[in-house]
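Going in written order, the chains are labelled A, B, C, D, E and F, and every chain counts its residues from 1.
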């Protein structure tokens, strides 16, 4: 049986990024004395066949973390993927098959599921939002509001969900927020200083909270404008006023209820912090067959 | 103005545990080129006064991570805590005051808030559940279903919420689940092997999914029994049958809707995975005064 | 020729725990310029066959560290174990055979032997003490008095010697010592505070230095009692007085001379710090055959 | 009261070397949940005054590790040294005074003592051996048979004991052992190759096990010669035969019983592995005054 | 005497980036036994006053690395900067004054100078090139051809020299080179794929080696075009043809001899690998006053 | 086609030393989002055949870093070496062949070349200088003036160039410089203190800046003497005066122009800092065949 085709096809993350995180998580769980339950109750030579399955509908992300957890713990574990990252699954659907030494599978199980559940949760929340804005041109993008230490992985999960990534860090682009404007002494001064400092390859984005500020940002040649907590009406007016001169990003108050209307205004980006900091984990489990 | 008194008084985590995580998160955000926006737009000698405030009701957890982020970035930042970890706050309430170099505060802001929002989210979800079972003797406990790399911190946040911690890792106690039972060849064999391996200081807990299995576990002297996905009726019968011979832990299906009824059965522990893997972040923000 | 059967069968430590320690030790020995003697005097393509042998009687512990040192240095080295961890060996007896590139074996030799000698020394001291108390029900247990950085490994070696492990760290169980009692304001206050803080899954042990304190600890429901520097007579009276209500741990003054008499009192645990901090290394060597 | 004057005055190790080791040891002991006993039983604002005292006669080494453990855990702890590294102390003698928050002192106590006991044990064993050869010109030196991860510190402890250090690692000097000789095809070939490879600043030492081999090594211009397991008579003859042409190192079978006679032969160095791998810890303790 | 005013004013790097690199370099130099010369020859309480001075004309970069080396080694060292980063100095000119314990200054000296000499070398090479193109609008930019492990620091040094930074890493912008074009099946396919993958905030640059390819890139809307090894004539024609539709980067063959002519063509960027991989160190020294 | 024979045959560095440095460099280049250009433009299953070639004449050093970069990024890449470390190559000559997944090769390319170019640059500068002093007995040696973090590797590259290594670190030998002499109170005091501190296996070198100081150093038995900034005449007189009583090291002002004359004076060592801190990178490139 061949693997399912993903809804979105995502480039895998480098093992150089994945391995240290999985190693740390395994050590966090093993502690100083290891899996004392499994060692006490399961024979060293016992083997197991287990099915990694979804318990609810969702979008899968993070299987390379699962296979890395199993491999780091025991290279003899074999995993066959049925629903790769970027696939939609239904509750009960098989995601992967896992075969090998029973002890090792039991010991690595929780760490593997913790990664998969968390990242699939982010991907699922993203996919759901992306579906709600399907007709519009807008992209759903994530922010820097990520779980400490997991940013690269959560951004990957957003991509698995069909979303796009905004800045990966403070050095990734210039985003002038209200506090920068205040300290610079106005939008004009802020953009001019940023332009002078930034060089040719860095995009400049400005956060505005009124149409007047938008006009000023456009006039000064901002590449992107973040429209902070604009109403749907204001967003629509901002789109008309901008007329393609800059990329427009709507931010604030974007929920499942409001997303379609916001996207329908014609903005380019819907930026959503809760995709990465508040998405509930997807329920995935490892069922052992006996 | 003195600091508020916490609802629950929690021992602080050692800086030896906090610092490496905050350092990693700051480097994750600084990337290779640092905060190019702030450097371009804010003068090096500008100072700022900012208020760390809640945007919604919740329980605070994680202020030592906030102060560590500010201190690692710039020792000249001063932070005065108004609502320490373990306090309930309302939307709009001040949590702490932050004074110092404007650039440094702006650069550390997101990392500080990412920790505080995540941990306060866990604490808030816990506190809400604890409130729902207030009359009963049951404790709310968390599990090993935690965000990779953050287990120690999320367990701390659960304590700030008034909950208690179950196992910190695989080496922390013996918890015999269905798969261990299957591999050991029955509950009796599993408990006996565990008893032989464990020595005098390790508690033994057994997961059961029927009253018959509970009887067997009690007869074999399990210290704790995890009642997996029992109905409220079954839980009540389990409590009567056990009559204090073991600590009883209810697990599965515990939500805001069901918690009170489950606690009312007289079980000792309500064990809840979603406190740590699916609690939404608490909305906290840093407001700069001008 | 098949491998010898161990006296005690010990679960192996995870490579995730072993590898970083061995890697650090190899780098400590290689320094910045590597093994300048071997590179100068041994041809790059020379191969060697070497016998890892005991030079005195003892209990083996640490062969996974040996194989890891050889593998990290050069995957082409092959090692065949004859006397696995947990075996008793006599002076002159072969522990393992090592084949491969001569240079690599010579370079890794000292690090491999340093681990094996140290851990086998701990195992041997433990096995000798265990043998002295063979008739009694008491277990020999180790303490937190371990070599910095090697606790997990020394605790493993104690298990290879037939002993058991007491607390792995400060977070592993509650052990109320005299200073805690003093600060809490008495044994009763200390136990009550500990009970309130500890939750259902943590054992509480109290150190006492008189029969009166023992009575108090028993009355307050301590799970374990550490009898500090009791005479053999006092220990016997303590056992009678306790009558199974708590696990009793004898501590202080336990030597090869006193162990049998102490164990004969009927205590449950003999706790011995010198197993881990003062056991002399077992003399093991690598003999090259020409 | 001023600090005691050390018997040998030793340059302190750099904090850059000490801190990472102490930090690792503290984390090893704190685990994931920290010192649950102290947090449960000792008030957060309690202070303590404690005396670090020897329980038996010995040579002190490692106080910078003690102060680092206290400082890393809590900068508010103050330590006053009475008997600095390199001092001889008697059982009961005060080594240092420790004042500060009671909790922090209790939590750091074991790690601090584990370092101090281990290193003072090495220093004491060394000092005892040095005393036995006091009249002779020979120096007591340690080897690469050290506890993995602690080599730099054990070598420091040997210096505190009045001994000297042989090679710190494989890259530190050329030491041609029997296996190198065998692979090189004889002593002559080995020394010539080493001379060619080594350059001007590296000393060449050769291990010999007969007077004939000594003659050959001398003839070939070895800077040092290791006399492996020579009898006292053979050592004396070797000294006469060498007549100052090389530094002579006696190795093997050097114990408290044999050391004086071996030193009396006139060799330059007595090289002793058990100083670092088998010295028992010195019994030091922290006594709290109430 | 106040500090000199820099030619270019550069934002300092975060200590979070600098400290780990300096710590590693100090440990690299200290090895296992530390500065045995200084400890043998200089009294522990000796103090010194030293002048950090340039031995040749150049641009200073890296003084925070110098102060960090001194501080990590010994917090008692005081450093007063006279010619901060971004200043031009002449041979013999004082850069900073250093006061404190003589031993510590001597031990940290080489590491401090290695950083300062290397980074000032990069800054000086950059400043020299920037001076040669002073009249033109072109910026001098560096590449990813950096010394492994030092990229962030060398990019900082380029800024100190008045240059600008191109990509910090593979994830920083899209730069389609000839091999990407070949694998994509042509410039058009490569740009289209990049545009589809990149989202709104990432600039797309294309490397071309002919005017025909330039036309194609412009037509497809490349934001930047890298003109690889174009002659001065071709560069001039490229500038005319582009007419401001894209940023133009000249690359290949840019030396002190050719830079002015290349800049005079009107290109926007001169991209130079040798600034970071081949700039000779600036000769700086620490002179002790007696 | 078999591999070329190196001019000098160098022992390879241990992978334990190489791997961490290459891993760090890859992560430095991958950043948080990886190689976004290659992922966008090159198909995941595309393969490539590439030729690693020199673009100018030089001495090769660092191919193990290249193969490690490729292997860490993707174990499926195969590399065949044609001109191993220590070989001289001409511009255009093939150094190695690289086959495998096109994406992986493109992503690892820059890191691989950064190591190879830097280390081959050091080797080439060394080889050129070694050639200039070919007739004399003098060895070319490097110093501690190395790029921070790369000392071990640059010293290896010097060996590949036919040079030798002076001290690897401050703990490697005693080198008494002018400042040590000043603090010790004269050359005599400095040497005597060093002799007392150093033990039998450490060489003592003294820096002198006049023939009078040389006489004093010789009289006091220095093993090596560093002649600092001596003219050729003075060097010749120093050689005659020393008459083999110590190894003589010329330092300062050694360039391609002066090296032959200096070597002809009969000194033993020419010590050259710029080999490691200022050698330009060798131009090596990866050419993809289509």
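What we mean here is this: contacts are C-beta pairs under 8 Å (C-beta built on N, C-alpha and C of every residue); 3 or more make two chains touch, one makes a residue touch a chain.
Just so we're clear, the structure is a prediction, and the values are computed from it rather than from any experiment.
Asker: Just to be sure I understand the contacts, which chains border both chain E and chain A?
Answerer: For chain A paired with chain E, the chains in contact with each are B, C, D, F, in label order.
Asker: Of all chains present, which has the mean Cα position farthest from that of chain B?
Answerer: Measuring from the centre of chain B, the most distant chain centre belongs to F.
Asker: Determine, among B-C, B-D or C-D, the equivalent of interface A-E; equivalence here requires over half of the contact pairs to be the same by residue number.
Answerer: More than half of the contact pairs of A-E reappear in B-C.
Asker: Could you work out how far the Cα centre of chain A sits from that of chain D, in whole Å?
Answerer: Inter-chain centre distance comes to 52 Å.
Asker: Could you grab the centroid distance between chain C and chain F? Build each centroid from C-alpha atoms only and quote it in angstrom.
Answerer: For chain C versus chain F, the centre distance works out to 45 Å.
Asker: Express in whole angstrom the distance between the two chain centres, defined as the mean CA positions of chain A and chain B.
Answerer: 22
Asker: Out of chain B, which residues touch more than one other chain, so two or more?
Answerer: 28, 30-34, 39, 151-152, 165, 168-169, 171-172, 202
Asker: Quick check of your reading of the touch definition: is the inter-chain graph here a line, ring, star, complete or other?
Answerer: Chain contacts: complete, every pair touches.
Asker: In their complex, what parts of chain A are in touch with chain B?
Answerer: Of all residues in chain A, those touching chain B are 21-22, 24-25, 28-43, 46, 48, 102, 106-107, 110-111, 113-115, 117-118, 121, 144-152, 168-172, 174-177, 179-184, 189-190, 193-194, 196-198, 202, 274, 277-278, 280-281, 288, 290.
Asker: Quick one: in the complex, what on chain E touches chain D?
Answerer: Of all residues in chain E, those touching chain D are 23, 26-27, 30-34, 39, 44, 72-73.
Asker: Quick one: which bits of chain F touch chain D in the complex? Just the residue numbers, please.
Answerer: My answer: residues 139, 141, 164-168, 171-173, 199-203, 205, 223-224, 247, 268-269.
Asker: Hey, which residues of chain C end up touching chain E in the complex?
Answerer: Its residues touching chain E are 28, 31-32.
Asker: Okay, in this complex, where on chain C does chain A touch?
Answerer: 11, 13-14, 16-17, 151-152, 155, 165, 168-169
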